[in-house]
Structure formats: structure tokens, C-alpha cells
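Structures follow.
Two complexes are shown next, each including chain A; its partner changes from chain B in the first to chain C in the second.
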Partner chain A sequence: MKIKITMRGTLKKYMPGEEYRIVEVPDNCTCDEALQCIGMNYREIPRFGFVVRNGKRCFIYDRLEEGDELKAWSQVSGG
Partner chain B sequence: MIMSAYQNKVLRIDCTKQETRTEPLNMEFAEKYVGSKGLAIRYMYEDMKPGIDPLGPENNLYLTTGPMTGTPIPCSGKLSVAAKSPATGTMNDCSIGGHAGIRLKFAGYDMVVFEGQMDKPTYIVIEDDKISFHDAADLWGKTSHEAEKALIEEYGTEFSCLSIGPAGENLNNISCINSDYYRQAGRGGIGAVMGSKKIKAILIKGTQGVKVPNIKETTDRILEIFHENCLSEDNEFVFDEGTYAFLEACNDGGILPAHNFSAATDVNWDKYNGAVMKKYRLGKRGCGSCGLGCGNFMKVGDAIVEGPEYETTAASGPQCDIVSIEHNVRFNQVVDDLGMDSISAGVTVAWAMEMAEKGIHDFGVHFGNEEEMINILYDMAYRRGEGAELADGVKVASEKWGGTDFAMHSKGLEFPQYEPRGSFGMAASYAVSDRGACHMRSYTANEEVFEASCPPYTHEGKGQVLYDLGEFNAIKFSCCLCDLWGTVDYAIMAELLTLITGKEWTEEDMSTVGRRVLNIGRAFNQREGFTREHDTVPERLFKDPLKGGPADGQVMTKEGFQDMLSQYYEIMGWDENGCLPQELIDTL
Partner chain C sequence: MERYSRQEAFFGIGSEGQKKLLESRVCIIGLGALGSASANLMARAGTGFLRLVDRDYVELSNLQRQMLYTEADAAEAVPKAAAAADHLGRINSEIRLEPVVADVNSGNIRALIEDVDLIIDATDNVEIRLLINEACHALGKPWIYGGALASYGMTMNILPGEDRPCYHCMFDDVVPDGETCATAGVLGMLTSIVASIQCTEAVKILIGSPDVRKTLLAFDIWNNEFDEMEVARNPDCPVCGREEYRFYGKVSGSRTVSLCGRDSVQIVPAIAGAAGDPEAAGGPGTAGTFGAAGDPRVDFDQIAGRWQACGKVTWKRFTLDLDIGDFGIKLFPDGRAIISGTSDEGKARALYDEYVGL
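And now, the complex of A and B:
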């Protein structure tokens, strides 16, 4: 299935110059597995933040559907 | 011991007699509390009797620097402004950026204490060891920006100016102090304390420096830390968007409050986000000694501001159902000029809008109406008509008019812009904060949402999260470091303090001082009669399920909320009533 992936904060460096990327991922995959399809293992990113599915924060192990928009955030400090 | 990097001098200004005197800095306090926030609270505890009127002559106003102030340490240009709060009756310390802190340190002082009250409007000039009092009759009634402009034109840009607007003159509980036009000590009615002393403005110029034991070793290491840690990509967003970056993150995370904390998402967020802001941005600005430059200097129509920050944008936009970056900027300029805290002003107006929507009382402001919102700000500042009813914030207004369930404050200080039902720890954070609802104490949204390192919709384990974050910010702000240096840690703080003071500081010391600062703030409030029963949040959080966003439907339980308080008290060594035992007070 195809989904749209966006990077925010310092994670933008994983998709330099791209506002978003349409990615072919396994059906019913998790957010974690989808990110691994673009070579990103959140466990190895010290300041990885949270993931957002279709505009709503979700868990990294939540499953995706065809046409979903997945956004990954780095941590944002301060306020 | 005498430590380097301090000026070892406190200036006391007796406003009643218009006399000044200096005294050595209490070095025992400096060793225990470092500077800025912690030092100010300790002096307040020492100087002021419990039960005094916050707007009376016995309340002191403290401007406090720290050992890092005036050094090249990045993000160290903050100044603590503290007093007993007229809004909450608690201690209150604010942090103001710009250049006033550094100039005060260069004038030769660690701290200035304004005591007593003058009988007529006055402005005070501090120029090294020359202190002078001047008639401010012509300035009284002017807005904050008008007053600063007139004074800087007369004295020159080598001076920093702290000033109040009409809201401070009229002793409003939501009044602030401005500096460098666009920086504010915002919260708890600190402007009214200055107004009660009839001080329209304080001008500060200093020509001295700060002494450290080994200037080459110190500056070399500071530069290394600056490049390795502060100018890292993790802090890049500060320069790129500043706090605008939080709009999207908070919306995605389900904690961007809307419609007076009824909802926590705004489908229109991308119409006033960082990308839109950049279209209006003229340039970037930073405080003295800043390495990050968070300030977005913007011009929209006639309105020129450094900002609006995230808090101001959320309070004036989604909270009031207004989708317009032009409005956010205009709101920002008006509240700054009138000398009102943008968070408290926005939340108070949003509450008034809901009062009208529910048919309880019509203050003349309605959701979605920009002009009504701007107009009532003037009436609030000058205490005119319906605006007078809102001039002291939501606690005072709701106790008179009803609507307490959705008057969003703790201890009389309006909520910052992080929705607790999307981040349960924030509810307890607002409740136990020593100055009322504040996001600069324990910012649990970071762990619960931005890091996703603990679950957001539970009370379990939150006492420890509250404590860890509160301790960290307490020492960070006592070092006078800016919140936005997000990657600084205890090791760096201890190393920097060791370099500049000549005294060995450890990471454990940072933890100890942070805990002590939390305790002295609570001890001050305890002496004023505050206990567990005052650590509250509005009923809305327990009654009304949140609407929209990832936290849709979330509501908190009172049992869970009380459990978070109990967890925190136990970690702090306080009793079940939230009180410090005497043996703990004796260590402070």
C-alpha cells in the first residue's frame, strides 16, 4: 500500500529537500515498520519524538492503512 | 566563601524615603540558591513578613541576576523579577529577556530590591553607583512603549528600560513589566507591584564587567560548549521558527487548547503557523548573550512586535475561535503596549466569551469577533465598563459572575496553553506550581507528548516526572539560563558554574539546589497559608470530555489528580497536606 510520510523538526534531515514522500509499504504495517522502509530506525535516533497518523498523535506500534499520512517528530524542548 | 562572577553587592532602594543603600550579597544564600530565581525567592522569604498586602509598601520588588549574567555563556541574559503576587497571594518570580539583566550586573549589582512606595509617579535611573529619582508625571498614563521610547530618546540606547503600562498603573492582576519594547516579565500581576510603588520606569546602565578566575580557560570552554551543545541541530528550531514550532507539535499532540479549553485541536492551525509567520517576519532578534535568537520580529499593518510567541498565538487565536495571524500580532502589540500579560489576557477574554455563549453574562466579547476582543483589552487596562470586570483575571471575575468551573486558573494564575486532558501531568504541574498555573515549572507535556516517553492519559508515575522536571527547571532558571537552551544538562551547568565562580560545583549540587529552590517557593506559600486545598485545577478538567484531536473524549478523575499530588508530596518530603515539616524548613 502507499502512504505519505513527512518529517518534522530535526528529522527533516532524513528527507532532505522533500516536503513529503509517497512510500510503498507492506499492507497493515506499523508506523515503526513504515519508517524502516525509508531507512529510519527510531530506536537509534536519540531525540526521536512522536508519530502522528492523519493529524493525530498515535503510538509507534499503531497500524497504518492505504493512503494514511504519517508524520514523525523530533523532540521539541522548551516552551 | 566569596565566589567570582558575583558582584557581591545588593542595592536596596527605599522608595518611601527615596534613599538607597548597598549591602554585601549573602554568600550563604548564593551557595545554596546560585542566583536569579532561587536567590530572589530566598531573599523574599528572609525580607518579607507573611500576610502582607502585595500592593502595599511592605511588598518588595526584586530584580535579580545570577553568576552567569554578563558572561559569554549562551542564553544567560535573563533577569529574574520577583515579588509577592497580587493575583495569587503566593510568591511570584518572572523571567525577562532583553538586556536589562546584563546591564544591571554591569552596573555592579547582583540584585536590586525596591522597598516601600513613593507618593507620586517616578522613574528611577541606575547608572553604576549613581541612583536618581525623577518625576514621571508626564509619563504616567502613557503606554509602556510610549514611556520607553520617550526615556530612551532622552537617555540613549546604552540604557535598558523596564516600564509598566496603564494596566500596571491601575494595579491590574494581569499586568506585566516590559523591557526592550518586546520582552516581558509577564505573570502574576508583577506590573501592578511596580505600579503600587508608583514606579513608571527603571533605567539601567552599567560600565563594569564580570570577573572570573581564568578568563582564557573560561571563554575557550564556553565557546566549545556553545558550538557543541547549544548550536546543535536539536536547538535549530529555536532560530528557524522559535516557539511557533509548538503550534503544529501541540496540535498534532492533542494539547493545543481551543474555545476556552473545550477542545485541543484546531483544523485551521496551518493558517497561522510558522510557515505563515515567515511571510511577515522582518528579521530575527535575541537577548543579550543569546546564541539562538528565538525572537521573530514581525510587522503586520501598523503592528510591530517581537513575537507573537506560541502562548500568545494560542491564547488570542484558537482559544477565542479567531483564525488570523494579523489578529495575533495586533493582540500581541496591544497587550504589550497596555502592559498586560498575553496569556492571562487571552484566557480571561476566552472565558468571558464562553460566559456570553452560555448566556450567563455578556461582557461584550463573543467567540470569533476580533474587534470586540481588541477593544475590551483597552477597557481592561483602564478599568472601564465591562472591561473593569475582567481587569483582574478569571479568578476574580468568575467569583463575582459565576462560571468558576470553566475559569481556567490555578491559585488565580490563568492556564498556559497546554491542555491537561491531553497531558495529565500538566494538571498536577499547574496545581503544585508555586506561583499558580505555570508551564515553566514542570513541563510534563515534553515527556507525555513530545518525547512520548510516558503515557499521557494516566496519573500513574507522574509524581516523579513532575519532580524531575521541576528540579531541573528550578536550577536552570536559578542559573538564569533561558528555557530554550533545551539540551543543556546538569553536567554543563555544573562545569560552567565551576569555571566562572572558582568554586567546585557537581551535578549532584545542581540537583540539590534545584530541590531546595522548589522547597523555598513552597515554604514561602506555606507561610502565607497555602496547603493542599489550594493545589487545584478547574472542574472542567473532571467534567467535560475534551473535544477533537488525539485526546478526544479524555477527561480526568479527581482521584487520579489527587494521587498525582500525593506522589509529588511524598517525593518532596512534604506531608499529606502538602506542607513542609519544620526540619525541612530549617535546612533552607
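And now, the complex of A and C:
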């Protein structure tokens, strides 16, 4: 299935120059598995924040569907 | 009231809303870029009582974005809480301002927030926000998260209530901070926007407006991207789901923290960590931690005398400074110190033990 992946905050450096990417991922995969399809392991990114599916914050182990938009956000912790 | 006439004319506030605001009590934790902007806005708006909390002092690199401070504050290294109260007192003398020069930790957070209606987060790291989140959950207080880094801003109202998400609900795994404003930079325009949104929400919450935002707002002002996201409560959240607090209510001992990007280390002795605990220290108003010019908990005269033979000693309005060549020690009245010239916590601890010895 195809989904749209977007990086936000400091995670943009993992998709330089791209506003978003349409990615072919296994059917019924999790957000974690979808990110791994573009070479991103959230566990290894110290400033990883959270994922958002179609405008709703979801869990990294939540499953995706065809046409979903997945956004990955960094933490924004400065002040 | 003439001072607030333009605000009272706004349909969302009116004279009734202004009256409620004047009766409100707010604590702003952190007085850097976000906090100084928020303090300015909330004081001018007529918040009846503002507790202004910060552990740090004004430096030249702050002036690009920390709107309340001046070159004179930086030259004198005035604690931010004291400088903020000083300036705000000349802007609005009709409200109460309580500057607090202190490191917020598990030992003093309850005393800092239990008598206020709302907390505005203007801190700069995840760990302190986790503590604020736990304390506010335990005490049933609303707080407003705000973060800014580079050109990215984020804010969410964390409201009490069984169906409302807490700050911890935003994350799957809360991992240590990565980049900071010292390493990734930050735009002053961004921090003003984040603070303005936080304060607008603060006013709404304080006057009981039905228009309080319930979403997470995030934006990149450099690339013109704006996101509004729904965050649901996580039923398995350790804080609002299971009430298992990692920080709140824990004993606060001596702590040593490297200040990222500053080549400095902060040492918080156990006495400072416990200073704000209402049961240990008698509640807000306790000298030393509460009130920037409160009675010192450490004897500056005695320490200054000891330091005379070691290097250049300067007694400023709120701190005692020792310059020993490669290193510097800035000692606060509650025994807390910032050791400059090293990011090595062990070295800093050794210097503290040698020269301060609390």
C-alpha cells in the first residue's frame, strides 16, 4: 500500500529537500515499520518526539491504512 | 479601568473577564525567551499575581530574544527573576510580582505552584516539563506547555480532567533531549509567537472562556508550515493513567547538571533542593528561595572572607562571584552555584566542594 510520510521539526534532515515522500509500505504495517522503510529507526533518534496519523497523534505501534498521511515530529523542548 | 480599556473592549474578555484576570494567580517557570515574553504580556494584561521563577542570570547572548532584559542587566549578571520583576514593576505597579531565584525541582515545585491558578511553562528541557506535568496532575492545576527551537514552535494546554491528555501522553517513549537552543539556535520572532499563543490561552483559561484550545499546535515559521493535531489521552500513561510519578514527590538530594552549550555546570546542594518544600521551609515567602532579595541561606560574608585569598571576589546584588582564572563560581543565596569554565561535572563538583563546601 502507499502512504505519505512527512518529517517535521529537526527530523526534516532525514528527508532533506523533500516536502513529503509517497512510500510503498507493507499492508497493515505499523508507523514504526513505515518509518523503517525510509531508513529511520526512531529508537536511535534522541530528539524523536511522536507520530501523527491523519492529523491525530497516534502510537508508534499503531497500524496504517492505504492513503494515510504519517507525520513524524521531533521534540521541541527549547524555551 | 483606563489601563485595560482596549482589552475590556474585546468581546472575548470584557469587564467581567478583566476582573477575573485581576484576581488570578499565575506562576511562570523559566524566564528565558518564552518566559520573559510571557511575563511581559501577562503583567501588561493585568494578571493579579505573577510568580516569576528562574535559576539563571542575564547574559549578553540572551538579549537577542529575551525581551525584558537590558545590557545593564547582563553587565551586572542580574538573576532573571529579579531583573524581570524590576522591569515589570515599572510597567504595571498595580499587580503583585513575586520573583523567585531558584532551580525548580521535586523538592520545591509544590510550594511554587499549589497556590496559583495556572502555570505557564517556559522551561528549556523535557525533564523539568515531566516534573511540572506530574506536579500539576497531582495538584489538579492547568498548565500550558510551550517549546521553541530553531524556527519550530509547539504548544498545548494541559488541562485537568479524566478525559484530557497530559504532556506525557504526547510521547511513546520519553527520551533525553537532543538539540537545544544553544546548539540549534532559535529565532526571537518564534519565541514571541509561542509565548503570545500561550498567554492568549492562559487568559482564556483564567477567565473561563469556552474557546480554550484542546489541540496540539505546532509550526515552522521559517518554512510557513502550521499543524494542529488532536492528542487523545493514553489510558496506559504512567502519569494520568496510572499516577506513577517518576519525579514529583521524590526526595531531592544534591544535584549536578551540565548546562548545555554554556561550558558551565550547576550544582544544587540538598539544602537548596528542599528550600521550597512547604513542610520543610514554611511555604511561599520563605527567605532565600522565595523573593530574589530574600535573606541569604548561606553566609556570604563568611564565604567572601574565605575567598579573598583565592581570586577576585565580587559581591553583586544577588550573587557572590569568585574568579579563579580558568574557572568562575557564581554562588546564589540558597547555596546553589554555577561553575563556569568547565562542562565536566566531576571537576565542577570538586571546585564546589573546595570553595563553597556546603
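Assorted remarks:
Heads up, the rule we're going with is that the second predicted complex is superposed on the first by the 77 of 79 C-alpha atoms of A that agree within 3 Å, B and C clash if a C-alpha of one lies under 4 Å from a C-alpha of the other, contacts with A are read in each partner's own complex, and residues count from 1 in each chain.
Definition applied: a residue touches a chain if its C-beta (ideal position, glycine included) is under 8 Å from a C-beta of that chain, and two chains touch if they have at least 3 such contacts.
It should be emphasised that the depicted structure is a prediction, and the values quoted were computed from it without experimental measurement.
After alignment on the shared chain A, the placement of chain B and chain C results in a clash.
By the touch criterion defined above, A:Arg8 reaches both chain B and chain C.
Contacts of A:Arg47 after superposition on the shared chain: both chain B and chain C are touched.
When the two complexes are overlaid on their common chain A, residue A:Arg57 makes contact with chain B and with chain C alike. Contact with both chain B and chain C is seen for A:Lys71 once the two complexes are overlaid on the shared chain.
Comparing the listed stretches 2-10, 128-136 or 326-334 of chain B against chain C after superposition, the clashing one is 2-10. In the superposition on chain A, the residues of chain A touched by chain B in one structure and by chain C in the other are 8-10, 47, 49-50, 52, 55-57, 59-60, 71, 73-79. Within the complex formed with chain C, the chain A residues making contact are 8-10, 42-43, 45-52, 55-57, 59-61, 71, 73-79. Chain A meets chain B in the complex at residues 8-10, 13, 47, 49-50, 52, 55-60, 71, 73-79.
Against chain A, in their complex, chain B makes its touches with residues 233-238, 243, 245-246, 248-249, 251-254, 265, 310, 418, 439-440, 443, 445-446, 449-452, 482-487, 549-550. Residues 30, 32-35, 121-126, 129, 146-150, 152-154, 169-173, 175-181, 184, 186, 191, 216, 218, 220, 225, 227-232, 234 of chain C are the ones that touch chain A when the two sit in their complex.
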